[in-house]
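Look for subunit A in each of the two complexes below; its partner is subunit B in the first and subunit C in the second.
Now for the complex of A and B:
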């Protein structure tokens, strides 16, 4: 039964991937990617990676794709010309590059001479890929990667908020209230070389226009 | 099913994603195609994890998913910022950083 499921899921994953590239409207591309991700989760299940499959469906096909749908709905489907701006030569060149890479990767993976590639996979202990085992690995062997990735998520969230913040125009006086990291580290009036070159004395002389 | 079949599917999905990155012009679709490429790598990692009967590759795949989520967050933030500035959403026409 496994080969049947494999072929259904593999065809679904490849069809979804082609749909992402070939469909014109971004919203349809997103929906096609959701289909691709669900098929890929089925492939993960066939490879005994239950926790990763569940995370794929919940986090990827759920949360991340909702973010995509919101942004597509906000930005709107741009009437994008399908052809790259370089015209036909660029398209032919890119397809040639992709074809060459495809052949090369297929040779590298399937023709590698690894005998295990042609087999079903090694014997595994019961509970392989279960949430318990993944959790134990994450909190023992890979604790550093786990913590660093949580920090990376925090940085990405803060960066996205900073990027997508509503700006009321950059030069409407909001700049006055801001202070950069360099200013924080070296306040004015230190008498540094940079200050003397730039002509800022550091002594705050009272501007006329303000109180 | 032999592991090689999964690797072949992974290679095909990666190539399709690369095609999209090369020929599409909408940054949203380019981000989606980068997701495709990361997912292809995930599939290869999990296939190798199954090949060795060892869970390390699955941890690797989960970390790749975290990195992909970060990339999506920042990329979509950039797209929203581009849209707010009323710039064209087209990577061929936003070329101030071309150098």
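Now for the complex of A and C:
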């Protein structure tokens, strides 16, 4: 059963990856990337890495690709499909880069990976790939990498906020229609017209409106 | 090579797994029309009218009539829509909703025909993450449905739905972290067993997490007061505006199945799953009935809220999610982490 699943997932992953670059419509490219990521998750499942598979789906197919879909759907591009851009020099350069990548991957695979491909496959220890084991490894052997990458994410988040602020995206002033916890707990107005216009409690604003 | 199977739970013969899948599928899908009928009847009562009472005794055949009507309708598709995705989108919705049902534990391991059988579809060591993974895929059902319809109402509904789902998924996920830390496991059956060992359902120590998770659950199922994606007053029907007949029925069923699943997951995480209060220990065949009763009670709560609260405005929805719910869930997680370490 496992070889069948492996070939379905592997063919799916490759087809998805080809679709990303071959399809002209941006949204279809994004969707085939999603398909590729889901196929990768299936491959992780075959390797008994359930946690990695779930994280792959939640983080990549879920959160990251959602942003891609958002951008493509909002910015549009539905009317004008992507055209191949750049002249001959760009194409030659891209061929060169692809060739370099292929050589690098071949070196990596032939150099190390093939030694693990035997009759039996790697030994499977109970508990392998479980969240408990991964957590233990992250907080012992790979603590430094774990902490450094969390700092990287923190920097990225702070940077995003700073960029949004500079462009005026994050408003410092009183936001119209902001709601607070207190307002949610005890609604002062009961949905009057004045309340909906001012965004605040209708009762207080009424005298100002009359004057 | 000795085959080592998953260490959570145990390995069952194939025929038991197939049987279990069929039974869970059948039981889960039987709850859906009951919830549907209950919603229409209860909404009627809440609004001081009778609700459906013509088809069958007490209107009990109404869901059958609803589905029959939908299935005999013409399959219409707008000229601007994209056929492949238009057909695929509701299927994604229903598949993800059904797949999540597999993770719901209806009871612990029992003996059936001399074979030990776990009363759940699968008991994974990633447990609750499985549910979130399918929730992440369910997003595409809504977005593709709205986008492929080629209609502006559908598109707006889909975009709202997408923004809402990712916003509330964060808070919902963080709310679960508190439970996971207290139980020390992600497996849903072991979370219930941890509640049995403590003699205390997690709704009491994790009350804030319970509220946040339930609120996020309302948002994830696109139910009132968070039914912005299908706000009928402004968007006609949101992402499913252009769907009729079978496609609409599929979306409709996925929504109600999601209510059932969210109720079941809430019952498992916070309300003790198949446990009864006050240390009552019934025979094991009662366990699934207890879970179904809790699902019913929580589904009733969903309907109650829908009949009570008006729809939020869109900016209120977003600021509520990011500025109130998310900080609350974060503080809950931090406090739980400290308390778990100190005790």
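Miscellaneous remarks
The criterion applied here is as follows: the second predicted complex is superposed on the first by the 120 of 211 C-alpha atoms of A that agree within 3 Å, B and C clash if a C-alpha of one lies under 4 Å from a C-alpha of the other, contacts with A are read in each partner's own complex, and residues count from 1 in each chain.
Here is the rule we use: contacts are C-beta pairs under 8 Å (C-beta built on N, C-alpha and C of every residue); 3 or more make two chains touch, one makes a residue touch a chain.
Worth saying up front: this structure is predicted, and the values here are computed from it rather than measured.
Put subunit B and subunit C next to each other and count what each touches on subunit A; the higher total goes to B.
In the superposition on chain A, contact is made by A:34 with subunit C only, not with subunit B.
In the superposed model, A:97 makes contact with subunit B only, not with subunit C.
In the overlay built on the shared chain, the residue A:66 is in contact with subunit C alone; subunit B does not reach it.
Contacts of A:74 after superposition on the shared chain: both subunit B and subunit C are touched.
With both structures placed on the common chain, the touch criterion links A:126 to subunit C but leaves subunit B unconnected.
Shared-chain residue A:55: touches subunit B and subunit C both.
Touched by subunit B in one complex and by subunit C in the other are residues 51, 55, 74, 120-121, 124 of subunit A. Across the complex, subunit A is touched by residues 1, 4, 7, 124-126, 129-130, 132-133, 135-137, 139-140, 143-144, 147, 155, 158-159, 162-163, 165-166, 169, 185-186, 310, 313, 315-316, 319-320, 324 of subunit C.
By the touch rule above, subunit A contacts subunit B in their complex via residues 2-3, 6, 10, 13-14, 17-18, 20-21, 26, 29-30, 33, 36-37, 40, 43-44, 46-49, 51-52, 55-56, 59-60, 64, 67-68, 71-72, 74-75, 78, 80-85, 90-91, 94-95, 97-99, 101-102, 105-106, 109-110, 116-125, 128-129, 133-134, 137-138, 141-142, 145, 149, 152-153, 155-157, 159-164, 166-167.
Those residues of subunit A whose C-beta lies close enough to touch subunit C in the complex are 27, 31, 34, 38, 41, 50-51, 53-55, 57-58, 61-63, 66, 69-70, 73-74, 120-121, 124, 126-127, 130-132, 175, 177-179, 181, 184, 191. Contact residues on subunit B toward subunit A in their complex (touch as defined above): 1-20, 22-26, 28-29, 32-33, 35-36, 39, 42-44, 46-47, 49-56, 58-59, 61-63, 65-74, 76-81, 83-84, 89-90, 92.
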